[in-house]
Structure formats: structure tokens, C-alpha cells
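This report refers to the structure that appears directly beneath it.
Naming follows writing order (A, B, C and D), and every chain is counted from residue 1.
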Amino acid sequence: MTQNILTPSALLGLPPYPANAYAPLADRFKALLKTKNDVVFVQAEAIVALEASAASLGRQGMVALNIVTSPYGKYYGEWLRRAGAEVHDLLADEGRPIRISAVIEVMAGLPQLDLVAVVHAETSTGILNPLEAIASEVHKRKALLVVDAVASMGGHELDVDALEIDLCVIGPQKALGGPAGLSIASVSQRSWAAMVHVDKPSPSTLNLLDLKTGWLDKGRGAVPGMPSAQEFWAAEAALQRIEQEGLAAVIKRHRLAANATRSGLEALGVNVWVKNEGKASTLASTFQLPTNVDAQAIIDNATAHGAVVLPAHGSPGARLLRIDHTGARANFAPALANVVGVGIALQSLGIDVKIGAAAEAFSRAFAAG
Amino acid sequence: MTQNILTPSALLGLPPYPANAYAPLADRFKALLKTKNDVVFVQAEAIVALEASAASLGRQGMVALNIVTSPYGKYYGEWLRRAGAEVHDLLADEGRPIRISAVIEVMAGLPQLDLVAVVHAETSTGILNPLEAIASEVHKRKALLVVDAVASMGGHELDVDALEIDLCVIGPQKALGGPAGLSIASVSQRSWAAMVHVDKPSPSTLNLLDLKTGWLDKGRGAVPGMPSAQEFWAAEAALQRIEQEGLAAVIKRHRLAANATRSGLEALGVNVWVKNEGKASTLASTFQLPTNVDAQAIIDNATAHGAVVLPAHGSPGARLLRIDHTGARANFAPALANVVGVGIALQSLGIDVKIGAAAEAFSRAFAAG
Amino acid sequence: MTQNILTPSALLGLPPYPANAYAPLADRFKALLKTKNDVVFVQAEAIVALEASAASLGRQGMVALNIVTSPYGKYYGEWLRRAGAEVHDLLADEGRPIRISAVIEVMAGLPQLDLVAVVHAETSTGILNPLEAIASEVHKRKALLVVDAVASMGGHELDVDALEIDLCVIGPQKALGGPAGLSIASVSQRSWAAMVHVDKPSPSTLNLLDLKTGWLDKGRGAVPGMPSAQEFWAAEAALQRIEQEGLAAVIKRHRLAANATRSGLEALGVNVWVKNEGKASTLASTFQLPTNVDAQAIIDNATAHGAVVLPAHGSPGARLLRIDHTGARANFAPALANVVGVGIALQSLGIDVKIGAAAEAFSRAFAAG
Amino acid sequence: MTQNILTPSALLGLPPYPANAYAPLADRFKALLKTKNDVVFVQAEAIVALEASAASLGRQGMVALNIVTSPYGKYYGEWLRRAGAEVHDLLADEGRPIRISAVIEVMAGLPQLDLVAVVHAETSTGILNPLEAIASEVHKRKALLVVDAVASMGGHELDVDALEIDLCVIGPQKALGGPAGLSIASVSQRSWAAMVHVDKPSPSTLNLLDLKTGWLDKGRGAVPGMPSAQEFWAAEAALQRIEQEGLAAVIKRHRLAANATRSGLEALGVNVWVKNEGKASTLASTFQLPTNVDAQAIIDNATAHGAVVLPAHGSPGARLLRIDHTGARANFAPALANVVGVGIALQSLGIDVKIGAAAEAFSRAFAAG
């Protein structure tokens, strides 16, 4: 019987990631992030690195402004609060980027301001926050700037040093097409200095300082603990691929897919949620479900036609669906299938949409480059 | 330096394919082919198995009818001739399936007939030959029936025993989505008996009988020579995937992609070469280039939009381009990108084609199932 | 130039782990652990699951006994303390298993006892703690029993339900030969009940209850957050391999490698640290460095001869080196190379050791089964 | 149920090997072979390339000397004969290298001599033929020199241009650790010229000239036919690894493993078949079975202890067993397990062998470098 002959799995039997490979790997992420700050690895998905950044930076006596454009943003404020900080949450309109005027206004009302946290782009709603303008305001107040760039890295320009970002978290799993069980944080000297209040006799997943004392200060050899060969080799392979394509080309490919998708959706006849390129993420596009339409039926039918469509968490009232054009999906064939697949799904429920016009608009936008 | 840290390759370090796995693997191919005949492995691409079948079956005094619907068909006649046979080539109209009436007519003119060779489907021109009718005629004459089913396996129904095919060659690399360096032949007892004239003191790649004496007659353990672990493990993985999906579903998926592609191309406004489903291969579709259009420019532009388009060898006069919807490409997203990508390419050269109508027709055909 | 042609990496482009695969995967880990308790996944290395268990179970008013046989054990006490518990650390003799008499004695001095934490086996020193006897004492006091079985799973018998373990953490990366970025915890109903004091409006990596509310209570579909396809597919592949070999055979293979290693080391003439099979881990063996010998020179030379030798953290005074015979290394060739490689390394520094006698003793022990 | 969730196979879904990658790949093999001759790929195991070389070079009126040191050597003479040549087989003593004096003597008796064929090293018996001396004699006669270097490539120095080898066949599957379904031939201009007599209107697997007209003369783009992505990507990965290690280091590693193995076997007390380093292959070692010993019992028992031991085809009278230390097995741990595993197997049948002495001698030889 053949059932006990197993095809050998390429995922097992990997050699350990070499001790002398971690530092060069970190340096390649520094280059992607355009930073001279330290870069450290957190061996878990990016939300762990984010929680750790809040737990490590937050302290009694700190006043923080937390810009909230999705549920994850709410968590960040909560994590800072647990660490003892006084946190002011600033909520954007549902499913919309924060307005810079709102940021300026709330900052003006805070005599003390030690830290500002913001998400660069949100895949859940497909929005892009005005990071440059926010950074400029934050620096006027000399507060620490913490940026969640997990969903924007590879899809948007990001220059950590030009924006003087003190702590920036990314992951290889979105536009970079890499694994999800590893995250990367760039940490400025100001950030490290802000963490020294932490009094921890034993290590903790949530203490970023452990990575400084356990890895950076020891010369960046093997990372402490038990590294996952799968994650590090996959991250290296993803980096190699990105470097070969070129980060600028990766970003352009995402922008192209995003523009073609939104052009296609508009021609299809659905209500695109974020139309302005400057306010929209390149990794996902969202549109509003027509009333009285079953979201799950749309998702199932579109999926059967090669689309990747998901409920857009973060703005339930707006009834948004989210279309994924990230990583390998930021290419002609999958992005076109997204738009046409959604069209077929809507038609199958009796909604009058224009698949032909959508395909033409998509093609025109894509061919325009 | 990181340049000397190599990502470990999953393609190296495979364990040898186990000696006791070859027989079950062969039996699974028997099931796909619906045959009780012997099934043997030829460790090379399918053209080697085909040449070997001609070299092994051909002999002085044999009269053969060779049905030619592509350049490969011409080779088969030549291989039989080299082996000593008297070969009558029957050529179809350029780029078209053979007409059964032509087969009947030429057979009527041959008082002796020992072997008939035919290709089931041709990817180069996208045609399907009337195998069932041919088989019926061949059996009336009690001749050996040799079928090249490399391009039809997985895309069309094929029942080796119902059609009493004496020698059938397939490969895992097309609709089955497997490797190209291994081919599979089913061989009837009549075929083995016809080969015994071969007098070979040493083994030869072109002598199928070596596989009988060296493998079948020894109990089907390890195949003789040095098996490629890459090919056998990949073939097993491909089989596993096909069995999980179900051969009928695989065939249906190819038929759906083919129908949608041809509907899309017609709506686009190009001249589809083989329209009739019963005469068309499900693995590839062909269309005629408009006059004065540069084929390579079309190919390059369509490729940039996710299409897989190739020159259709086999009918240069007809100026055909071939669209590939085989294996993983027999799915909504890649097949749609084929059609729309070709549309964009034609438009870019000033040809007036209807991308929107094509996308609509494609979607309708696909959704119709 | 070929340098810009990249071999495609098998570690990228994996399909997402299917939503309906998590529950069966968890059930297979339940079977390995011999438990009917809930099993949950923590997407990080096992130390994160351990810290989370302490953070989730620990509380004000809790009295805990923490059995310390390595630095990791110390951390556990600290994590419980941070969560508010009163923790009594019970330290074993350096590099030795805890004595059950010491456990009984210290328990007798604690009028209140809510939780006992212990590591089953320690790879750092190669010891095995008397888990069965400890469990028996703990149950007399109706305290919660928390077991770190990361290093014993697959190397020693472990029956979670027979031992009534309330919270047991394992990882696939040791004897199971799987990935390190995923850990698995079995959690009893008593443990879940003990966690409800945790008041957390937002999720936290360190709150195991999130896995109950976010995954178990929702029917065990896709795990919350962004699962790593690399980790889950690798864990599944490792499980498949373990199930095919049989857990009992895996354990036996580790025991055989351990016995042969220790027999070989004794015949070599070095001081084996833990000789008694009942007190020794099967995953690693430790021996004392002769005085005046440079540990790193031994490690480097032995490594060059195929051995895997590491400093044995956890008992610096004893100057131990640790030999790894875990997972794929729990086989004849790598385990023999360990012993002979260490012999060559010692000889190269002028230490008189008996390589021939070691190879003979190793072989005899291995052949004895 | 989990049985219908398949771990994705890294062996499927590979991108086609890029058309512009074949030429650089060939050039890297040229560098390994130290030749400026053309290098072509035969998409099948090396025996096919060998048969093709005989079928392509052989012709009526040719006089060939075929040096036979294994069954494969006999086949080569037969293939030349089929092609029409007059072939003189020169057989070495059973299981021994050819003596150069025998070559000189037989050549002296041949007034016409057009081609000499020889195998560089034989894994079946572990011997190395005196290639340099043979080449020198062949060149005096201006005959074509054909060398089967499949088993010597990577294990022995080989300089195709210094030795003026006209046709040299290698495969990546032995010392290079690559796939077995691809072979590589270097072909001199004299060889191409010698092939033009072949009159072939259609292609044949056995006609190397097809590779000249179909690939070399067309600018070395995509190879003709249907290339196996598995084989070419695996060959590239193997080359990359070899180049990183350095061919000289690879050869040294094989020599070290061979010397240590033979030292170990002698100390074990068995009769090593080829003792002289200059006459022995570095890829395999052979020893004579003691009388009245069951070869299969030895093989089974040694295999259970990590050895790779096989019957040595080619000299049945000598009752040889062959020990494999090729590729990844040319390292300390597997080579030591070979020797000790054989020792355990012999002991288990009551043969008095010295495992300890063998391990010591092996270690000494290995450490000596």
C-alpha cells in the first residue's frame, strides 16, 4: 500500500540558520527600512512585536497619543495603559484615515506628550494615514514616534530615518511575500533609553530590551532562545526575491494593482470605499456591499472564481468587503480575477454590474503603468 | 557577508524513492489509464518513450499506418521506418484533426496492416483526434493501436482497456501538473509479444523490452539504472493531488477553462482555430493572428499581462498562436488573464478587439460550468 | 549572468493552512499527549507559551511551588510572581534532578498550595525529573500541576491524563523534528477556570484565555491573528512522520541513542554526568570537562567531526558539555559521530581517551536494542 | 478528517527553468570540467548520454578499442558495434583497474584505431583507471578519446582539456549531490565532425548532433523538447553548493572519506579490495566477503546501523561488497557509520572483527586530513 510512503517534506530537516547570518539579515532589513537604527527580530507574528513595543516603552507618568484607525489601534492604547501610561485615543471616522487637522488639534490640548503611535496603512479598510504630516507634528513636540508599518512595507514608500521614526514594526508576510511567524522592529537610541525603566530580573516576550542585552550587545550572533529555521530561511528567501526585483519595483507593482483594481471596481459599478490614491493602501481595496446583499454569498462565489475577498474588519457599519492584492497577488492575473470574480458574484445575486466595463477599465489602468 | 549563505534547496537531499514504492505508483497510473495492461516507467521525457515504442515495435515486414497531425507525428513514422517497417503516413489538413473518413479510406487500400499510430490531442494546434472511431477501425483489422496521450491525459476521457489500446504513452507534466523527466507507458501483452524479435545483447534506452525483463519480470522492485528521486517523488506528489481532486474533476476543470477561453476569444473578435468542442483539445486553444501583426510583439505584451501564449508549431501557414490553459492554468484567474492579456496585446498594436465583451463571455461560460 | 537567477524557494508561496485543518491538527497533538483536555496553539517558541501560562494562571493570593532544575525554571517562578503569586522556588542540586523527598518536605511546610510547576526533562543538563511521583504528591494537595514537557515529548513516556497534568506545554522542534516557531499547550478545565480572574479588554500574547475565547469557543476554525503557513505545514509534516514511525518507536529510538551514547562516553573515559537511565533525559547527554581543558576547542574540533556538542547551560560550576542526540540525531550514525568526535577532540588536546573502546561499547549498547 | 489535507509539495509548481539560464548553467559545468569544448545537456540519466555518444560516434569502418572494467563498459562496446564499428573489447582482471601495459599492447596490435572508450572510475568495484596514461597513448594514435566520468567527477581531479578528452559524460547525481535525471556531455569539435555521417531526418534521443543543431547552433536558449524544471533547478542548486564549497574541497572530502574508510576496514580485519590510493575510487570502497557469509544478512544489518552497503556488481567471483561514501556521505559521520555498521553486521554473524581498532584507525586517518 502506498499510503505509508510519505513524500519528503521540504519544510523539515532544514539546517539551523547560521549564527553569522543574523546580523547580515538584520542589515538587509535596515536597508529596506532606510534606517541606521538598530533592527531586531521578534520570533512571533507582528502583533507580538507591537505589544512588546508598548509594554517596553509604556510607563507610569508617560502621556501618549494613540491614533486609532482600526481595532489593532485600540489594542495599542490598551497595551500602553497596562504599562502605566496615560493614553489619549484619537479615533478616525469609521474606516477612514485620520485627518491631520484632528491630530494637530488634540496635540494642542496635551501640555505633556511623550509618545505618538500610528498605523501607516490598514489592510482591513484599505486606508493610508498621513504619516509624513503626523511625523512632522510629533517631532515639534519631541515625542517618541511609534509606527506600525506591517501593512505598508513594500506597498508604500517608507523612510524610517527621514521620518525619524523611533520604533517601527514590520513583518515579511504581506507585500514582501515572506513568513508570518517573524517580525522586525527598528529601534532608535531614544527608544532604547526610554525602556530602561523596565525592571525585569527574568526575560519576557514583551520586553524588547531583552533583545538589546541578549543579542545586540553580544555582537549579533545567534538570536537568543530557539530560532525557527523555517521562519529565518523563509525570511531570507523573501528578502532575496525582493532585492532581486527591487523595492521600488515591488512598491510600483502594488500601486499598479491597486489603481487597476479600484478603476475596475468603479467601472463595475460598486462603491469603492477609498478612492483617493493618497489616502488608500496599495495592499487592499475595499468597497461597500449593496444593501440587502449577503456578504458570505459574495465571498464564496468570488472565491470560486479565483478572487480573494474578505470581510473588512474595522468598520462594520460601512459593510465593507476587502479585496486582497498583496504580495504575489499584486499582479495582473490575480488582481483581474479579484475584480471580475466579484462581478460574477454580484451578478449571481441579481445585482446589475458591468463586468466588461470593469475588465476594460482594469486593463487600461494596468497598461497605463 | 551574506552572499555565501545559501538558502537550503528543497530539491536536493531527497531520500531515494523506496524500492517498494514503484509497483504501487505504477498501479495508480494504471487506474488513471483505466487499464489492466502492464505499466512501465521511462526515465526521460515522453518523446523518449514514444521513440522507444516505435523502435521496439517496428520491424522488417511490418506495415504501419501513421496518422500525422503535428511534427511529432512525422517523427513517429520515421522511427518506425528506421526499425524496418513499411510506414504509410496519413496527413491531416494543416492544423486540423484527422477525418475518420480519410482513415477508413487509406486503411481500405492496405491489404496488410500491423500497427496504427495516432496522437490523441495536440497542444501545438489545440486539436483532438477522433480516437474512439479510429480505435474501432483498427480493431476490425486486428492491428496494434499505439496512442500518444501525453497531451490528452487529464484533459479528456481516456479508457485504455475500453479502447483496447496496445501501447499508450503519457507524461505527468501536462494536465497532471507533474514533472517532465519521467514518462509512463501502458503495454498490452500483444505489444510485448510483438517486441520479442528485438535481438539485443545489451540494454538500450530505446528497447522497452528491457523494462519487462529488468523490472516487470523481477517483481517490480527498484527500477533498473539510477532513478531520479526528484522525478519519482514529484510524480507521486502530482498523482496524490490528482487523486484528491479526482480525475473527473480535473478533466472538467480543463473543459471549463477551454470553453471559457474559446468563448472569450470569440467575443474578443479573433479567429478561434478549432471551435467545435469535440474536435478541440482542452489543454490549449489556438487562434489566427490577424495579418500584418508581429507574433512576437503579441506574445511579449500578453506575457507581461500574465498570459501564457506561444507560437503554435505545426501549422506555420495558418499563423496560429497557442494559449496555454493546462494544469494549474486550467483555472479562472490564469485563463481569464490569457484572454484579456491577448486582448491588451492586440489593442496595443492597434487591432480593434473587445476586451469587455471577452471578459463577459469568458465569465458567462465559466459560471455556466 | 547566473547570479540573478534564483532557485525557487520551497519555503515561499505556501498556501494558507486551511481553516478546517486546525482542529484535526490539535486532535493529533491530543493523541500524542494522551489527553482529553483542550489543546491550543501558541504561535511562537515554547518559552512564550510557558510565560503565557504563568501570566494567565498566576494571581494575587496564589501560593505556588516552583521546582527549579535549570535557568528556565527560575524564569517560571519570576513570571508567576509578576502575576501576583507568592512563589516558593525549590532548587535541585546543581545539574541534578529534584529529589522527591525534597518536594515532599517543602510541600509539607506550605499550608496553602495552589500550583506546582516542574520541567519534565532538561536538555541543558540531560536530567529527567521524577514526574510521576511529583504528580502524585501534587494531587494529594489538589493543586494545579503545570509541566514543561518541551524537551521530554517524544523522548519519554508522557500521559497527560493519567498524570492529571493541568497545563502541559510542548513544542514540535525537539524529538518530533518539527518547527520551533509554534508551541502547543494542553489545558484542563480547572486551568481555564483558574484564569478567569484575568481582566483584559484587549488581547495579549501572554493571555492564554484569548485562545479559548478566540478559537476554542468559536469552533476551532482558523486560529486568530495571522498564522504562519510555514509553521503549521511543517508541524503537520512532522506529525505525519511521527505518526508513521509511531510515538513508541520514536521514544525507543531516543532511549537507544541515549544508552549507546552514555555507554560510549563511559568507555571513552570521560565523566558522564547523569548515568542512571531513570534520571537521565534521552535527548541529550552531558559529561564533565576534564580540568584545564578549553571547552570551545573541544566543541570546535568535535563539530568538525560531525558531532553536535554544546556548553551545558545550567550548571557552570560543574563544567558540563552537552551532546545532542535529539530528533534525526537519535540514530546510529550521528550519535556514534558524537561520541567518536568528542574522543578525537579530547585526544587532540592531549587527553588520553579510548576511542576504540568507546566505539565498541556504543555499538554493543545499540545492537542490544 | 485530516487525510484530505495534503502538505504542499515543494517538488510541484516550480517555475520553468528560464530560457536564458541554460547557457550560463552549461558554462558552469564547463568550468567544473576545465574545458572549452561545447557542453550539452541530455535530459535523462547518464547511461542515455553514454549510449547516445556511442550511437552518434560509431559508424561503419570505425575501429574502436573499448576498455572494459565493469558491465557498463561491455555495453559501450555493444552500442558502438550496433552503430557499425569494429570494436575490440579489452577486459581488465575481474574487479581491477586496467593495466596500462595491456592497453599499450592491444593498441600496438591495431593498425587502425579511431576511438578509445574508457570509464574513469567505477563505483561498482571501487577502482580508478589510469586515465592520464591512457589519454597519452590515445593521443599518439590521434584516436578519439571517450571518457565516462560519471563516477569520478567530484571525487577525482579531471581536466578535460589537459587530457584532450573528445567526449566526456558526467552526471550531477554522484559526488555533486544533484539529480539523476540529467546528464552532461562535453563534446570536442573533432567529435562533432565525427558525427556528421549520421543521416537522420527526424530527431532521436540517441543522436547527440540534435543537441548541436537544436541548441548550440541556435544560441543556447531553451533546450529543445520539454525540459524538466525539477532536474534543471536541482542541477543548478547542486552546482551552487559545489561552487560554494569549491571543487577542490569536494574532491578532498571524498579522498578523506575514502582513506579513512579503507584504513578503518583494514583495521576491522576485512579484505579491502583496492588498497592503493592511486588505483581506488574515492566514491566507494569494496571489500571481500569472508567465505560462508550471507551477503544479504550483512547488508541488512549494516543498513540498520546507518551504513550504505550494496552488492558490488561487476565481479561476482570476488564476492565483493561495496560501501558508499559519495556526495553527502563523504563526511565523517556517515563514513564512520559505514565502517562500524559493517563491523557490527559481521560480528552478528560470528565473524571476529575489531570494531574498536576500526574506529580508531578511521579517526586517525580522518584527523590526519
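As a convention for this text, a contact is a pair of C-beta atoms (placed from the backbone, for glycine too) under 8 Å apart; a residue touches a chain by one contact, two chains touch by 3 or more.
Predicted model only: the values in this text are computed from it and were never measured.
**Q** Count the touching C-beta pairs: is A-C or A-D ahead?
**A** Pair with the higher count of C-beta contacts: A-C.
**Q** Among A-C, C-D or A-B, which chain pair copies the contacts of B-D, with over half of them the same by residue number?
**A** It is A-C that reproduces the contact pattern of B-D.
**Q** So what's the Cα centroid distance for chain C and chain D, whole Å?
**A** Going by mean C-alpha positions, chain C sits 45 Å from chain D.
**Q** Could you work out how far the Cα centre of chain A sits from that of chain D, in whole Å?
**A** Inter-chain centre distance comes to 52 Å.
**Q** So how far apart, in whole Å, are chain A and chain C when each is placed at the average of its C-alpha atoms?
**A** The separation of the two C-alpha centroids amounts to 34 Å.
**Q** Could you list which residues of chain A touch at least two other chains?
**A** 7, 9-11, 13, 233, 237, 240, in rising order.
**Q** Chain A touches which residues of chain D in the complex?
**A** Result: residues 7, 9-11 of chain D touch chain A.
**Q** Under the definition above, what is the set of chain D residues touching chain C in their complex?
**A** Listed in rising order, the residues are 1-2, 5, 7-8, 10, 13-15, 18, 21, 24-25, 28, 233, 236-237, 240, 304-306, 331-334, 336-337, 340-341, 343-344, 348, 354-360, 363, 366-367.
**Q** What residues on chain A touch chain C, complex-wise?
**A** The touching residues are 4, 6, 9-13, 43-48, 51-52, 74-75, 78-79, 171, 173, 177-182, 201-206, 225-231, 233-234, 237-238, 240-241, 244, 328.
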